[in-house]
Amino acid sequence: MSATAVHSLWTTAADPIQKIDAPNIEYGQLAPTLIVIGAAVVGILVEAFVPRRSRYYVQIFVSVVALAAAFAAVVALAASGYGTTKAGIAAMGAVAVDGPALFLQGVILLAGVLGVFTFAERRLDPVAHGNRVDSFAAQAASVPGSDSEKAAVKAGFTTTEVFPLLLFAIGGMLVFPAANDLLTLFIALEVFSLPLYLLCAVARRKRIMSQEAAVKYFLLGAFASAFTLFGIALLYGYAGSVSYATIAQVVDGTVETVNPALADTMGNDALLLIGAAMIVMGLLFKVGAVPFHMWTPDVYQGAPTPVTGFMAAATKVAAFGALLRLLYVVLPGLRWDWRPVMMGVAVVTMLGGAIVAITQTDIKRLLAYSSIAHAGFILAGVIAMTPDGVSSVLFYLAAYSFVTIGAFAVVTLVRDAGGEATHLSKWAGLGRRSPLVAAVFAVYLLAFAGIPLTSGFAGKFAVFKAAAEGGASALVVVGVISSAIAAFFYIRVIVLMFFSEPRPEGPTVAVPSPLTMTAIAVGVAVTLVLGVAPQYFLDLAGQAGVFVR
Amino acid sequence: MSFPLLTATAALPAIGAIATAAVPAARRTAAKWLALLVSLATLALAVVVLVRFDPDGDRYQLTESHAWIKDFGVRYELGVDGIAVALIALTALLIPFVILAGWHDADPLETHSSRWRPTQGFFALILGVEAMVIISFEATDVFLFYIFFEAMLIPMYFLIGGFGDRAHAGSDEHAAAQRSYAAVKFLLYNLAGGLIMLAAVIGLYVVAGNFSLQEIAEARANGSLDMATNTERWLFLGFFFAFAVKAPLWPLHTWLPNAMGEATAPVAVLITAVVDKVGTFAMLRFCLQLFPEASKWATPAILVLALISIIYGALLAVGQRDIKRLVAYASISHFGFIIMGIFAMTSQGQSGATLYMVNHGISTAALMLVAGFLITRRGSRLIADYGGVQKVAPVLAGTFLIGSLATLSLPGLAPFVSEFLVLIGTFARYPVIGIIATFGIVLAALYTLVLYQRTMTGPVKPEVSAMPDLKVRELAVVAPLIALLIFLGVYPKPLTDIVNPAVKQTMSDVHKKDPKPEVEAAK
Amino acid sequence: MNPVNYLYLAALLFTIGASGVLIRRNAIVVFMCIELMLNACNLAFVAFSRMHGNLDGQIIAFFTMVVAAAEVVVGLAIIVSLFRSRHSASVDDASLMKL
Amino acid sequence: MENLIALLVAAPLLGAAVLLCGGRRLDPVGHWIGTVLASASFVIGAILFADMLGKDEEHRALAQHLFSWIPVEGFQADIAFQLDQLSMTFVLLITGVGSLIHVYSIGYMEHDERRRRFFGYLNLFLAAMLLLVLADNYLLLYVGWEGVGLASYLLIGFWQHKPSAATAAKKAFLVNRVGDMGLSIAIMLMFTTFGTFAFGPVLEATGETGEGKLTAIGLMLLLAACGKSAQVPLQSWLGDAMEGPTPVSALIHAATMVTAGVYLIVRSGEIFNAAPDAQLVTTVVGAVTLLFGAIVGCAKDDIKKALAGSTMSQIGYMILAAGLGPIGYVFAIMHLVTHGFFKAGLFLGAGSVMHGMNDEVDMRKYGGLRKHMPVTFVTFGLGYLAIIGFPGLSGFFSKDKIIEAAFAKGGTEGWILGGVALLGAAITAFYMTRVMLMTFFGEKRWQPDEHGHEPHPHESPKSMTIPMIVLAFGSVFAGGFFGIGDRFLHWLEPVTEHTHGHPPIGATTVTLSTMVVLVIGVGLAYLQYGRRPVPVVAPRGSLLTRAARRDLLQDDFNHVVLVRGGEHLTRSLVYVDHTLVDGVVNGTAASMGGLSGRLRKLQNGYARSYAVSMFGGAAILIAATLLMRAV
């Protein structure tokens, strides 16, 4: 590098008289995120100042109101055309406000509301010392079984911090699919990951497993995000910028004025390819695709079930949103490089998830593996590389998230002395004991299995159709086969619930409060509506299917 | 906008199912009567359809068409041709008998808790199946058809697995295991078939851009939509596989004996007489119309498989020890005939196949239901446990004999007409296959008469010595079926008049003409 | 000196960190290795920023440090609570959930 | 007039319906209903006959079209009747003998609580048999064809509590089914060749197709005939069919149903005329069977089985005659009718004997019965004389003609067939004499049975004797009535046409030689069974005798080859179905499970190994991406 260049660098960097013009932020368009984050901060203050007795209610109030308001904002934005015609880049190019972003934010917010409901459930666990308790530790810091914990329980402490944590996570998730430069992407990733790590650790029952889940999730998550970050570094090195638009231009080779300092790195495709691969790997980790899936079963099993439900639904939505944007906005120029690779990933994910699930004996792990298989199905839609592909993925995510939250909410209901009875053998004859709950769960399982007239079928059909139109017929065939395999274990659970005699020492089905009931009911309703009359939502997803560049 | 007759015919049992399921646990009998009345009302509607249908009119009549899922190119399109009308009538006709025959099959045992309501569930599920079967006969939109073709598995699955035959050897646990094995097998086979069909359905959409049977068929006919030969063949195979599992065709048949063996007799009838017909019907309507060329390409292979089914099923029926499994294998043999008739690509063959679907439905229902009555009396499905029943319960034995004779397609009973048509239709194009298939007649005589001899004749076994003869309810189930068998055997014209035009259409779809008799050909 | 060498160094550090994650048992050490990887990234950013002559990379490095700090907070909290409840910080001991 | 034809069938059909659906309340009157409707059918037949005689030969045939049965594209099957002289002959035989046997059964089945049902079945049989002979197309004929099969199945197995009866019934139906297969294939061939299977069009169009097709059709028809008429190789069922009540044996397994095969061949004359090879095979089958039946008849000690053997052999004569073509058709039918009389008579006689002997069938336990049941003795004796062809009686005329015709075939074939026919006559004389002697002559050989009941032979009630007497008249005079002046020939000629053949040796020579062999046969039998007392326990006998007792071992053959083989086949198939066909599927499922179990192990709970997989995954991802660019 020549001395003049160096000099110029110094001068530009340290020019005293150069004045920084204030960035202009479109607060309106960022309203959903801002509301949620703000509410999270408020939640922290609540923790600080509101007396313990009333915290629980205040937190619920704050969270629900915030999420509702944010959802209203999303709807308002979509209604005023930000999803389609007025779609654009906000916050100095950091955040995109377009169809996919708004659609996914809406889904995440609704999932968040249901999440709050399941978080706030206090009827399931037996009353401890006259206090109704939720599924979170009385005092996460205290060692399980220690005196301090007993005291905490006696005093009726509860970890109301989960609500602000949840809000922070949601805030991050809202940004994640909308992030329009790699830095924002990374920050959003961390913002929604860190609270989740914590939430995993604070289960009231089986805390050891809960903490183990948290550690695994945290270490592996951090490991993955390190890869992402390095990938970002390489892309930055390649394109000299982290903004999607610029990188895309560089990839397509449509840059007007090439900065001579960049000339040599731009030519270096190794940087580009390795960097892209590492970022994609980070996202695949979040969606739980094989071979980056190994955290999923353990974490899903160990985490408090409400958290699992929310995480399984919302994380997938956010991560796939980000993945879509990355592949459709930044790397379309590279599709011939990444498409075959992604196909491979999709295939092993579909098959791997389905096959390993066959022999699972724990309902939460079973659902974890099924979520892996579903990640594979969604990837099939992602690979289509057509507008149909985008909208089909959006639809699938919406359908899937409600089914998931509902299913895990049902899991929280089936309990025995040791808390939730997650071992499959204990579910035997559930259909005899309480037909309704079993029937509802059966509906969810059938939706997972993709039986017609459930949202699962509509979604599966949409993505497979997109994939076939996108010329990935092979994926469709594999998908169909793995669906057949997957059907086997969903059916197994149904058999267990309905056709096997109930055990005398079998679990009881707790009667939940209206909160969980709402979550479950909404889940069923959405499952059936999206199954029978999906057109309206398909239209929605269809309109939302275009990324702003 | 005229009254949506077809929708009503399908919706009525669906609503009835929900209503039946909602009947409180204590009001068991009320649920039964409700179900029976609904099924009768459905029958009435089906009769109206039959009357309103004009054999000489358009191909699809009473059509309804509404937008449904635009993005998937799916419309809610209903319409019936002669074949569909006949099968809808059959379905609507059989269900009341199924319900009546299963009157006590789902009465709860003491062990069940009060909240478990098997009776309501049983009859609700039967009605649900009826609704789905009827609508899949009516659907002229491939996707719509597919949805119900798949969805009907779920209620069937619960019927098989949830309400097994209480007459079983061994412990309850063992029986339960057997049952759920049968149910799972049924579901997985059909689900696998359905999913492979799903791939083909998607493929069809990619090729054709919509799912309307009429549009695609027309486009295929006038050449405006031409598929690459291989594409067409793959799609055809995708569809055919699902239908062959449902039908069932050798070697995809093994789920049927388990299912029919473990299910209660009425449910077994539901499976083989009603649900499986959707498979053969779909071959006739979808495979031939959508993929005429591929159908012709696959014909030889399919005929051979059908032939194997005929002989193989019959031989295995001879080898069975369990009455219901025997009937199941007999059905496999008969489905072989139906499929052979469809793919013989002659008017006689296809008319015969269609009649065969109806007649086989009635005859199997008669035989299986009587067998069910017999089994519930003795509490065993093993042929060896019976003997000399004819002495103590002559009416039961008599009806059983007539059922058997219908199964071996004795002239004068309905099945003969259809079986002979199928044979002659096949023979006209494929003499060798036709001749080998006639061995099926002899084997049919073998397994039915052996069954009759072992169970009904000979010295009276002590266990059956106190066996009561048919009750009024049971007679009310069997007598009409037998009357129908005789009527359709002597005067099938009403049925053929409805079926013939549709068959002529199908023949023209596949661009096939009947082979001319040698004498005329010579001229 | 050619800034590309810094990239090689960054890659080297990243690999060292990654292999540390794979090899070491103690959760704290594993976590430190991850931090090392993050810092490798930072080095890469700064190096690239220097090569390209724009400051984005350096700014990103600051962001990364903040994120790393946040991770430390969360991570240590989790690890410590785990350590307190089972008196061992070995990641291999935490293997109740498997298969 | 022609509208009466349907009534012929309808009357007994109505009877069957009423009796079988009527339930117990009809028990007291059931047999009367049955008899009345049977005779009603006979009366109608008589009316039609009278009307037919009134017309001149060309216009005697009547036709009645009821309705279109199976109308399908390019396929037309009707419910339509045709009544020509041939059909008329059968109608009279069937309804006549049928009515008599109804009457007889009133007495014979008196003590059976299921008598109503029995008459129902008899009526069902009449209806089916009439349908068979009145149908104007092969498909409708097929209906009757299987209908009589069903009736015979029901009647053979009437005493179902006897496993032997049930088995025999099943066997009869199955063997017949094999024959029916032939008939259905024949119909298919006709359809593909002529586009129709109505008698008229088919038989007129025979000229328009090749001999090969016609031979095939002919052979298939012959197969059908073999099944129904118990001809080799499908004869095995007839012997066992004797398990049925004796009136059944008389009506179905002697007089009418078993002769349906002859009807079929004669009816399809044009086809056979144009297919010499088929004709040859037919004659061979006939010849073989007539010897076969005769030999079996010689060895049986069961009176009914002996008669069954004779039936086989007599039908062999008819088939032989039918195989000879226009020369033989008339005589085949003529022998059929006369045989109908005397064989029915003989069976009724046998039934009467059994009636008096506590249903004992073993002739070795009879002896000297002529004193105890004179009427039976006389009628049976007349039947005996008729069947052996005693000059002047029915059998003489009909059988003699057939032997002539056989010789008239000419060439070595002629000699062989004629010779066989003669030999058959001799053996017939032998075994019938044997039956006669063992039953009615000699000393009484019956002892008390295990319950100590000593049978008290007595004459049967009028309801039984009268039919026997009537049939005896038939067996005496029918032959002469038909034969003298070729009445029967002129009656049938318009339908079957007739060519006069000239045997190489003059007709008188044939007649004389028949006489000679007759005397020889009777003489031998007398030496064997008349001179010395008949042992109560059958002597071991020669190899041939023992073989003949077992129906010349063909049952054992069937058992070993078909039954055993079949059982093995089915058993192994059941195994295959379970292990192979099912096993493949279950195997896939199982292997999936195994694979799952193995992959599961990867999830070993160690965070570090998870990290390894991620690291490896990342490496692969990167490598693959670079590779994609490289290629």
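Order as written gives the chain letters A, B, C and D; numbering starts at 1 within each chain.
Basically, a residue touches a chain if its C-beta (ideal position, glycine included) is under 8 Å from a C-beta of that chain, and two chains touch if they have at least 3 such contacts.
From a predicted model like this one, the values you see are computed outputs, not experimental measurements.
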Comparison of C-D and A-C by number of C-beta pairs in contact, larger one: A-C
Centre-of-Cα separation between subunit D and subunit C, whole angstrom: 97
Whole-Å separation of chain centres (CA-atom averages), subunit A against subunit C: 24
Rounded Å distance between subunit B and subunit D, as computed from the means of their C-alpha atoms: 37
Subunit A and subunit B, separation of their C-alpha mean positions in angstrom: 46
Junction residues of subunit C, two or more chains touched: 18, 21, 30, 91, 94-98
Where subunit B touches two or more other chains, by residue: 188
For subunit D, residues contacting two or more additional chains: 589, 600, 603, 605, 607, 611
Touching chain combinations (by label order): A-B, A-C, A-D, B-D, C-D
For the subunit A and subunit D complex, residues of the former touching the latter: 215-216, 219-220, 223-224, 227, 269-270, 273-274, 276-278, 280-281, 285, 290-292, 294-295, 297-298, 336-338, 340-341, 344-345, 352, 355-359, 485, 488
Interface residues, subunit A side, partner subunit B - complex: 391, 432-435, 446, 449, 451-453, 457-458, 461-462, 464-465, 468-469, 473, 476-477, 480-481, 483-484, 487-488, 491-492, 495, 498-501, 533-535, 538-539, 542
Partner subunit C, residues of subunit D touching it in the complex: 600-601, 603-608, 611-612, 615
Of all residues in subunit A, those that touch subunit C in their complex: 1, 5, 8-9, 12-13, 140-141, 143-144, 183, 186-187, 190, 194, 197-198, 201, 207-209, 211-216, 218-219, 222-223, 226-227, 229-230, 232-234, 236-237, 240-242, 259, 261-262, 265, 297-298, 301-302
Subunit D residues touching subunit A - in the complex, by the definition given at the top: 589, 592-593, 595-597, 599-600, 602-603, 605, 607, 609-611, 613-614, 616-618, 620-622, 624-626, 628-629
